[in-house]
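Every chain is named by a letter (A, B, C and D) in the order it is written, and numbering of its residues begins at 1.
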Amino acid sequence: MADSSESRAQTFPQLLRQRLQHDAERPAMREKAYGIWQTWTLAQLCEEAFALAAGLSDLGFVRNDTLVIIGDNRPPLYGAMIAAQSLGGVPVPAYQDSVAQEIEYVVDHAEARFIVAENQEQVDKALEIREQCPRVERIIYCDPKGLRNYDPQVVIDIATLMARGREVLKTDPERVNSEIEKGAPSDTAIILYTSGTTGRPKGVVLSHENLLVTARNINAFDRITADEEVLAYLPMAWVGDNTFSFAMGLVAGFCVNCPESASTVAQDLREIGPTFYFAPPRIFESVLTSVIIRMKDAGRLKRWLFEHFMAVAKKTGVALMDGRPVAFWDRLHYGLGELLVYGPLKNTLGFSRVRVAYTAGEAIGPEIFEFYRSLGINLKQLYGQTEATVFITMQPDGVVRSESVGTPPPGVEVRIEDNGEVVYRGPGVFQEYFKNPEATAETKTQDNWVHTGDAGYFDDEGHLRIIDRAKDVGKMNDNSMFAPKFLENKLKFFPEIKEVVTFGDQRDFVTAFINIDLDAVGNWAERNNVTYASYQELAAHPKVYALVQECIEQVNQSLAQDSHLSSSQIRRFLILHKELDPDDGELTRTRKVRRRIINERYGDLIDALFDGREHCFVSTEVMFEDGRQGRIEADLEICDAAVSPERTRAAA
Amino acid sequence: MLYRETGQFKTSYKKDMAIFPIRQDRWALIATLIFVVVGVPLLATEHVIAGYLIPLLIWAIAAIGLNILTGYTGQLSLGHGAFMAVGAYSAYNLAARVPEIPIILVFLLAGLIAAIFGVLVGSPSLRIKGFYLAVATLAAQFFVEWVFATFPWFVGGAASMVIDTPKMTIFGYQITTTLDNYYLVLGFVVVGTLYAKNLVRSEIGRAWMAIRDMDVAAEVIGIRPLYTKLSAFAVSSFYGGVAGALYAFCYVKSVDFTAFDLFVSLKVLFMIIIGGMGSILGCFLGAAFIVVLPIILNEIAHLFAGQIPSAMLSNIEHMIFGGLIIFFLIVEPHGLARLWMTAKEKLRLWPFPH
Amino acid sequence: MATEHQSETLLKVDAISLSFGGVHALVDVSFDIQKGEIFSIIGPNGAGKSSMLNVINGVYQPTQGTITYKGEVRQGMRPHEAAVQGIARTFQNVALFKGMNTIDNLMTGRNLKMKSNLLMQGFYWGPAQNEEIVHRQAVENIIDFLEIQSIRKTPVGRLPYGLQKRVELGRALAAEPTLLLLDEPMAGMNLEEKENTCRFILDVNEELGTTIVLIEHDMSVVMDISDRVIVLDYGRKISEGAPDTVRNDQKVIDAYLGVAH
Amino acid sequence: MPVELAFAIEVLIAGLLSGVMYSLVALGFVLIFKASGVFNFAQGAMVLFAALTFVRILEMGVNFWLAIAIALAVMILLAVIIERVMLRPLVAQPVIILFMATIGLNYFLEGLAQGIWDSQVHGLDIGIPDVPWMSILESTNILISLFDVWTAVICGVLVLFLAFFFQKGRIGRALRAVADDNQAAMSVGIPLQLIWAIVWAAAGMVALVAGAIWGQRLGVQFSISLVALKALPVLILGGFNSIAGAIIGGLIIGASEKLAEVYLGPIIGGGIESWAAYFIAMLFLIVRPQGLFGEKIIERV
């Protein structure tokens, strides 16, 4: 509900106070709890947030203090963000699945005195790091279960603190309001710690203006209104959630829904039926994989219907979505498919009402991308990063490609440097890296251009294409380009392959580590009578090796058709004995490969790939889910893959 | 396949505990109601309404009654015909002897009298269980048949032991046409079904099912076995009584003890078994099945009329009927309602198999 | 483990004997249960542990002896009256209502607290509906407490054994009992499920102040969470006291090792 | 002997004699109940089917004993078919489902019996004259039908034979095991299917005898299928699973029913035999819920 009076709002708390005048009774947030969708109207959300602010203020929380927030997406935690902002403080959400050391870094670096933790699990982590972070005064929790014996001097219930705040407001009703009035657009709205593919996390400082202007622009761009339903299920510490759920939601006035728990997201998604939806490619990928797997058990008729109409969709669906002309008969055929297959399928997946869906963060497989679009789901790509308040480029309706990531949205400029690196400038450009002027200076120029670190180019349509991390694009010994991520993504489009790491920089040829997808390969194994007792055993099975080899050889064939990349064909590979895991530091929390760490950990394996050995012994330290440390050992087989001859233009 | 549940989320327990939480089911119900209220009179002939639909609806009420006792509370009864008979005779005597009582109230009072009788029959149920109780209800069946066959007082002294029911008026409006009767029965069906559905999803319904599923555990958590069983007997025979009264007044238009014999009890039992024990919907499906099956068999028999003697046709009907029952029990012992539930699950999951 | 002991006797079992025909299930068993404690009954198979619970909540009538509960002698108490008096229990072999889902099973636990009559329930009128909603909320709290959200609407017959046990515990908790009798609540559970169940039992004991009588085979569990323990063997009490005392009692060791009497 | 007393004794003896017949039919129920926990509603239809088969074969001019043998063979075949087609697929189902199936079977057999043969009333003479036992009448002035005595003897012999057959020996042991627990019996290798076929065949034999005797009294027609219901009070009284109960219960019910009919009937309106026996049984049941010889059930929890 962005009317003229709200455009004057310069901070989120100011915006909320204005919206309260006419939107007070609109549902602002919902949370699935106790079996139903408990609803917070805007008035309730603000009342709780302001009461909490008053309580915090009474505890001594002052302007520019930071408030670390750890937990799943919960309305009270979003309320805590508003509370901190209301006092001119800075919310610092941390990833809820981080281990204590990771939280310790954030808390210590942000100099936080207060932590809001969702439940006992998070409180325990917060207590664990108190020794190292003596600044921490209070830990505020939302869910009291199991916490009754904790020291009430340190650990307090959010409800108690709100009650305390309400008392404060009785005697001093302007306590919070006066702080809200002092807010300025350049105030820090949030600090988001980026996991970073290398080194320590950096705290990206975003101002209220960054978030507000970006939210307004994007809402206008995709015609986001107060009637959207959005499911907030991605980590609160991730800029996407902060932008999509928090900033855009508060600006547009739509309701944000929090799932019951991480394990019920699929069910909750189905119940809510979001109209505006974001998911990283891996989620779309795993949903598609599960669709395929579930359909394999279907009866003959259903399978025939599914396959038939999916073929119809492939033919006409995308054209319909892009508004291109389609023959009447095809339209009718597609309509029948909508009734029999697409409609029910979207319904069971929870996508029936999706009006705009985005994916970003990684390249998405063209097959996957088109599958969703052909069903009539308006899935688009965008390219962004935390430092830009997400948006660098995005795809407008009707011009959507799987291989490119669109054009800059209003207000954003994008340029390609001579070395191929993408740089941008716009209203969302971050203020600085918190307490890290060197890094800030490295990334952001004097005139506000930001280096993305990604290599890319604009194609003939004027759409940006991203190849790889600029620094990861290497050269092979024959001087041809080696873009590891590009290769890896191509392989990851096969459902059987979950992760890939390729090597080829300053080498004669390219090799790869493969992680198989346990669901997909496990299912395949079941159908093919391959028995196995563990992931490790399945990964080492000769038939699985053959399966993966087939995938690689297919990729090699397609690489052979591109003169720039034909020498990047993968000659040797091995299947890793364990899944690459963020807990072991091999992936970032957003599941990006940490190449440096992999190079360190598996140096011997890499050597083996290049020196022609057929076996290589490996022993790795791993962290189990319960926090114990252990070792996994294996003797891995190394396998050769056939390489296709380079196609000359004449032949093609 | 037809379900589009995405976006149908519940923000209150009231909505979550609704009888039809899924929007498409509500639409289907509304469509059905419109059809039976408006569509049926337009489309169906008088013969169909009077001969098939009215009895179907009445049997459905009777089946709801028996289902509450047998399907929900687990007390096998072979005497539902007796409760219907008590209802029919009570209604006749109330209407004939005290014409001042409004006819709707007559039906309800008839139900109430049947309920009292039901409580009497059920009173040994605390001590006797299973087939013993079933035989006790059978005793009630024979006793009631005997009473109404023996004492002419119950039919106003008619020596034939059969008498026509008096005319019915509601607020001065005389119930004469088939359609009048149809709407009257339909009204009872709608209210009665809703009432029964509410009962089975409330505390009493859970107590009934608890007794059925495990009576010792039910008692241990505080459910009173006698009260619970007797309340099931009361509610069950109330429905039976109302159904019996409607049967006499709106369908056959006479009171006749042979209309409520043991085979009527068995017929209602068939309805709930074939329809589905412990399912309100099943009562309608079962009633429809039992009403429609003879019609279909009859139609088929007509094709052979002339070639096969009619006595033989009736015997073949018997065999097919009995055979179908056995076949049904083997194929789907949980009844049509379970088939419907399975189909619905499939439609909700479509295109996925599970 | 509750640390402060109020020495108020909640239940007094005095010289109870129980026999079926010629079989003596319990012989002259006496003990007291203090308010707020976790009291365990242990013993080899067939020692009469379950029979003892059945006597306490009126499923069996003792042949001899008296039960004094809340200061009153209860003669010929039926299970229903025991429930009214605030005694709830779970069974050795799960005794759930298989035809109902989790919510409905838990709701049956609240039947004593529901006051609407048949007429109101049938019309689902205001008070009757409100009552359903109020108790649904109470049940949802238990569902949340026991972490069984995902099986809310699953028919209990389809649940794995461990979850069924948890639902049964939930049903007993729904009655908000003063005295909770648990008959092998952890049988057939894996280590993690056992730990969870222990936590639930301790939470119930501490947060709600519920007195708990526990029958359990897993000795480590019994020794960990009980305040006091009695040992039955062939229907007779052979030992009583704090876990450590009982553990070192020669008679108990003999009973478990099967030394001839 | 005073006339009243003689009459009373006469009624009592007639009752006891017809009670033997009840015992026989009740035994048919008990055997099936013991073997499958189900109350066989189709017993009446089996009586009709057996009697019709028998009488029509006789009418073809077949020798009496051969006709008996053929009818018996048909009943055994029927038992085997029932076990194969109906019971076997329902083995895991709750007893109420099995019970419903027997009601379906009841309809089927009624249709089948009258379809194969016909629905006419067939006179049947099994060669026992329905005349008073003269020597008794002369000596004590008590009128006893010789027919009743003979049938009582036949039934008595059959009852004793069945009781012995199913109490003792291998079949008896197997039956008891099956009655205790279907699944457990199967798991120790007792052929449940065979036991079922045998008890249904025995029930068929009982039906044949009952049908033949009643057939001579009433003529073989549809209404003799209702005779089986008469045996139900016996079951309540004696217990569904007690062979001895069926015998004693039959005698008690037979005697008290006749007495009630003669002495109470005129007072309250006649024709009370349709329910009087039930009433007696019910009264008894309230005192002793498990029946005369039924085992007391201790519910284990």
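By our rule, a contact is a pair of C-beta atoms (placed from the backbone, for glycine too) under 8 Å apart; a residue touches a chain by one contact, two chains touch by 3 or more.
All of these numbers come straight from a predicted model, not from anything done at the bench.
A.B. asks: Spell out the chains that contact subunit A while also contacting subunit B.
C.D. replies: Common contact partners of subunit A and subunit B, which must touch each of the two, are C.
A.B. asks: What's the farthest chain from subunit B if centres are computed as the mean of the Cα atoms?
C.D. replies: Relative to subunit B, the chain with the farthest C-alpha centre is A.
A.B. asks: Which two chains meet at the most C-beta pairs?
C.D. replies: Top of the contact-pair ranking: B-D.
A.B. asks: Return the distance between the CA-based centres of subunit A and subunit C, expressed in whole Å.
C.D. replies: Using C-alpha averages as centres, the distance is 47 Å.
A.B. asks: Please tell me the distance, in whole Å, between the geometric centres of subunit B and subunit C computed from their C-alpha atoms.
C.D. replies: 41
A.B. asks: Taking the mean of the CA coordinates per chain, how far is subunit B from subunit D in Å?
C.D. replies: 32
A.B. asks: Which positions in subunit C are in touch with at least two other chains?
C.D. replies: In subunit C, residues 59, 91, 95, 136-137 touch at least two other chains, as defined above.
A.B. asks: I need the residues of subunit D touching at least two other chains; which ones are they?
C.D. replies: Answer for subunit D, listing residues that touch two or more other chains: 299, 301.
A.B. asks: Which parts of subunit A, given as residue numbers and ranges, touch two or more other chains?
C.D. replies: 35
A.B. asks: Of all residues in subunit B, which touch subunit C in the complex?
C.D. replies: 13-14, 17, 195-196, 198-199, 202-207, 209-210, 212-214, 216-225, 231, 235, 278
A.B. asks: In their shared complex, at which residues does subunit C touch subunit A?
C.D. replies: 103, 136-137, 140-141, 143-145, 149-150, 152, 199, 203, 206-207
A.B. asks: Going by the contact rule set out above, which residues of subunit A touch subunit C in the complex?
C.D. replies: Its residues touching subunit C are 33-35, 145-146, 148, 260-261, 263-264.
A.B. asks: Quick check: in the complex, which residue numbers of subunit B touch subunit A?
C.D. replies: Per the stated touch rule, the residues are 1, 3-13, 15-16, 348-354.
A.B. asks: Mind listing the subunit B positions that touch subunit D in their complex?
C.D. replies: Of all residues in subunit B, those touching subunit D are 70, 76, 124, 127-132, 134-136, 138-139, 142-143, 145-146, 149-151, 216-217, 220, 262, 266, 269-270, 273, 277, 311-312, 314-326, 329-330, 333.
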